[in-house]
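To keep things simple, chains are lettered A, B, C and D as they appear, and every chain counts its residues starting from 1.
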């Protein structure tokens, strides 16, 4: 039956937009900006339509499309979304317009900038909807290219180095991932994630791969672990997990604020999405075997990145480390869900809570971090690129509305109840505490340090005596306030009534947690 | 000294005289004559071995001598025409001038 | 070692030595013909009449004359410069001497075994003709071919430059 | 389930609406903000009174005085997380107290803050605080309580840092928020643990609530690796939250610094309501706190309650001792609040909910009275806060003096007439009869002595002798005066505050007086109201058991304290601002030691904060050098390989190849020498070769 190919059109719209922006944006900057914004809003409308017609009870994937692509390699183009995919699509559709609004004052090569942003958006859509590893990987790699150029061409002083490190780092990770998936393909002759998932479920995936590879120098257990580590490295770099995170602060602080919004808002979620969509179903058993080291890494990510943020003086680096911290919580939730509980009812309920918490935290962090960097962008535009902590002081007197709204965003990122940050964190901790008590207890320390460095930032930038050279700083213009209404409003609504989102993703969370049931 | 070794000694002497002439003389024609002499020395050997060899009736010595003479004649003709052509071209018969083939 | 053999050997040696060492080219050719004639006589003494006469016919009759012609035609060249570097002439003579020594030593030490003096072998011309026609017919044809090729070749080579290159 | 229970949510929401409207309103008119805030508080007050009456009605006709309304919030997994609110005597009492005190303070602050330019923002924050505090009071779900609890923390952060230009105010607000958050995190863990164990966070859910017997017994049976049962574990964690918020011993450092905020804020938040939230929390989860297994459960007290008592006793003594050596009028009251909160915790620990709560309610009234009195004194002395530069205000500010004296006597627990006496006496009596140990009783008694002493010291400093304000003005610089008060007064001789400030004082004073009589042992209405026991008037209770000796001893203590205070400070009027404190003269080092509050701040600064900065430096160093270092070494290795490869290419392979070619061409040249074009040369070579060859053959034939 021929149904309207929603997802393919959704992925194609930004690409088409990028081309039109390049084509007609050549002469007139303003035209380029508005067309780019228009296309990102079109994709937002499409996603809302998807959101509306998405049934929250159906199992498996919806709006599926399946076409034979390369019969000889048994590779087919299969797209579809479940609760998680839809949530990530919505997040991307919110983050990209914010990114564009934040880079409204870019003057250099404007059409190229906005078309790269649209290409990045289509890569995001591709990654979040692909169900076949083959073209998932294509979008996963493709998204690096626009990000690299966005950082390099419009970035800060040593953006070239940061962009290069970002690209190479992620590339190495994804090469390792590709190797392990080739090994799997060698054995199972298929890239389809659900098929691989079923194989892994009834424990036929790893024996097949080991049989095929026949590495006699490794025991079967070690071979399976090596293949898992390959895939794990690819995602650990992207999320990032502690030892592999050094590319993030430099990339985020050097990139132009509009790009940082995209990077922190949507791209960092690709790593987590990969964990949930690929690592969990396929390598559940392996993750369980090395659960404690994984938990230690997650806790280390949470705590060390928080402490590192405390030591930074550049606003962007502080918020970069804070986003590592928040993603650390998601990792904690994911690793907690992996723990074997052998069907004990209450613990399974906690697993559902942790999974929901991870989804919600991904969305909330994307939203909050994007708005946070939007404010940094506004600050940069007003002060000509200054963003060190010691450059400011007492700005609240001059720009009260800016301070108020940024205060709300900071407190949402802090996890203040009544705002969206708290619900995600509560669910994660409520899920992880009974499962991995020591890890949850330690990570709570991260919450405290987050409070310290965020309030430290507020105090040093907005409180205290006003420095004379900022006396004439303009406050937020009406258009900027209007641009903020959706995000700040969303923060409050999600804080007070999260059922909007939880209703949609709850069923997927249960499905995903159940997938691990028999490990 | 047997008669045969006498002839052989004579042909050896003839051969070395021809060789000496070919090596020392600078004129191309004389070098050619030297070579003719060396060929004659060879013929002498053939006939000597034919005369004192075990199977004179097979006539191989003579046959060889005859053929060698005819070949020598052909060779003398072509050699001299080459010298003439070289002479016409570079007006010299001195062998050292003819070194255009130098490496 | 008969006297005639020694006498003929002496004339051959002097003829050929003079041919090789005289300054005047014409005198060389004349000395050469003397040497060749005495060689032909040696053949006759060895009993190979046909070869002797062929020798006279071919070498003396044709080759010596041909050499004389060549000398005549290239006489306009600059005077035969005999000042060739002495080391050049000495090394050539030295090598010839060494060759003679080696061959002489080889002959002297090697022919003892063949001292058998068999009866004077007969080499009638018709046997030579029969042999030519039976056992040596292939070399005969090849020689024929060789001679015609040499004839044409020599002709073309010596032909005048302009007509040849048309 | 009549109207008031279902619509109890209106009480917190009305101030929230007021705050929202005044925040979002385009033109910031002062009148609108003030009227909105005070109006909403008034309506909430009326609703609270209605709820109180409703509970009284239920009590009078013997029905259950606890009604709950729950609703579902969001679903995760297969279960719904539901929130709700509760109306029981505890809630009713607290509602009335908070709204009444809040309203009075709102009215008072209209006068106090009239010269402040962000007046509207002040009222918006006050309204937000009131709604959050009321949310904490009515919450029937520990999570909803925690959420309102954090918002209360936020508003206290905003209000302390209200004059944000002052760096000290900014630092104090950050310190307050972080210290309370340090307390809140174990509280958060407690909540998560409770939810994990009991499956719900609702207190009372007709049988299924977490505070109800089923889940309590379940918790008692759950062992924890640390030995005590999970009920005690959770109780202790929740108590950490109370320690943070109510400024108990380890986490009290933020309360004195919170005096940076405007005085109404100190009065409302850091005296009456917010700091009492910790005590209220312990009271609210009392079933969990007091649950303990073991044989004679009614005789022994649970470890949690023992912890509460000890922490309370230590804090009471600690606060009182420090208060003696303070010079800032508000810091004295702040430390006195810390000490009184210690009393309340001790009361809860030894006596139960009723005892603790009774002292909480009485304390709220007389402490807010004292703070407002201090506010009007500061207002009168044009922003002066150091008591050494005050004096002689008895005649200059009669109303304030009168009300302040009432508050002071109530606080010290002057026998019979003042509410403080009855509530503190209840605690001391309960402590006395505590079966674990008598130490809390003695600590409490000594603290009561010190309380009387430092309050009388303060009274004599401020109201006794003649005014030292003028003398000091040309002397050394003022203490950090709130920016907007210093200049506008012109004549800086102290004068009485305007009506709008003295009226609330007038209203609070009688309540501070009479409230005591609701809870006297003879007619324990308050206790019976809270514990839902039968009320019987019998004057005999006064004398039975150890009640009489305790009452007598405590009144003696109070009189002794006041006497000592008079003896040291009252007898000879304090001459000048620079004169060293009379008590200080006795033992200067001890006095300065107390003045700096046992250097606890410095201690924390050196240990915790220093640890934090060191750890942040380490992790930053770790990031730059180890992880980045690893990446750099890898890149360097790769670069090194690249250079090596390049070196090899240029020098070894290339040059090697060149050399090879050159040798070939050189040998070629040598060979070409051979081809010299001299034909004889070739012939010689051929001859030579021929000779060699024949020699070889001969030599071979020879052998």
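Observations, loosely collected:
Simple rule for what comes next: a residue touches a chain if its C-beta (ideal position, glycine included) is under 8 Å from a C-beta of that chain, and two chains touch if they have at least 3 such contacts.
Source: prediction; values computed, not measured.
When each chain is reduced to the mean of its CA atoms, the one lying nearest the mean of all protein CA atoms is A. Mean C-alpha positions place subunit A and subunit D at a centre distance of 34 Å.
Averaging Cα coordinates per chain places subunit C and subunit D 133 Å apart.
Annotation: 5 Å between the Cα-based centres of subunit B and subunit C.
Centre-to-centre separation between subunit A and subunit C, using Cα means, comes to 105 Å. Within subunit C, residues 88, 91-92, 95-96, 99, 103 each touch two or more of the remaining chains. Across the assembly, subunit A contributes no residue that touches 2 or more other chains. Subunit D has residues 680, 684, 687 in contact with two or more other chains. Chain pairs that touch, as defined above: A-D, B-C, B-D, C-D.
Contact residues of subunit D toward subunit C in the complex are 680, 684, 687-688, 690-691, 694-695, 698. Taken together, the subunit A residues at the contact with subunit D in this complex read 165, 168-169, 242-247, 249, 303-305, 307-312, 346, 348-353, 356-357, 394, 396-397, 411, 416-418, 422-423, 426-427, 429-430, 433-434, 440-441, 444-445, 447-449, 451-452, 455-456, 458-459, 462-466, 497-499, 502-503, 506, 509-510. The part of subunit B that touches subunit C in the complex is made up of residues 1-10, 12-27, 29-30, 32-34, 36-37, 40, 43-44, 47-48, 50-54, 56-57, 59, 61-63, 65-67, 69-78, 80-85, 87-89, 91-94.
In the complex of the two chains, the subunit C residues touching subunit D come out as 88, 91-92, 95-96, 98-99, 102-103, 105-106, 109-110. Of all the residues in subunit D, the ones that touch subunit A in their complex are 73-79, 143, 146-148, 150-151, 154, 157, 161, 164-165, 167, 169-171, 173-174, 177-178, 181-182, 185-186, 188-189, 192-193, 195-196, 199, 612-613, 615-620, 622-623, 627-628, 630-631, 635.
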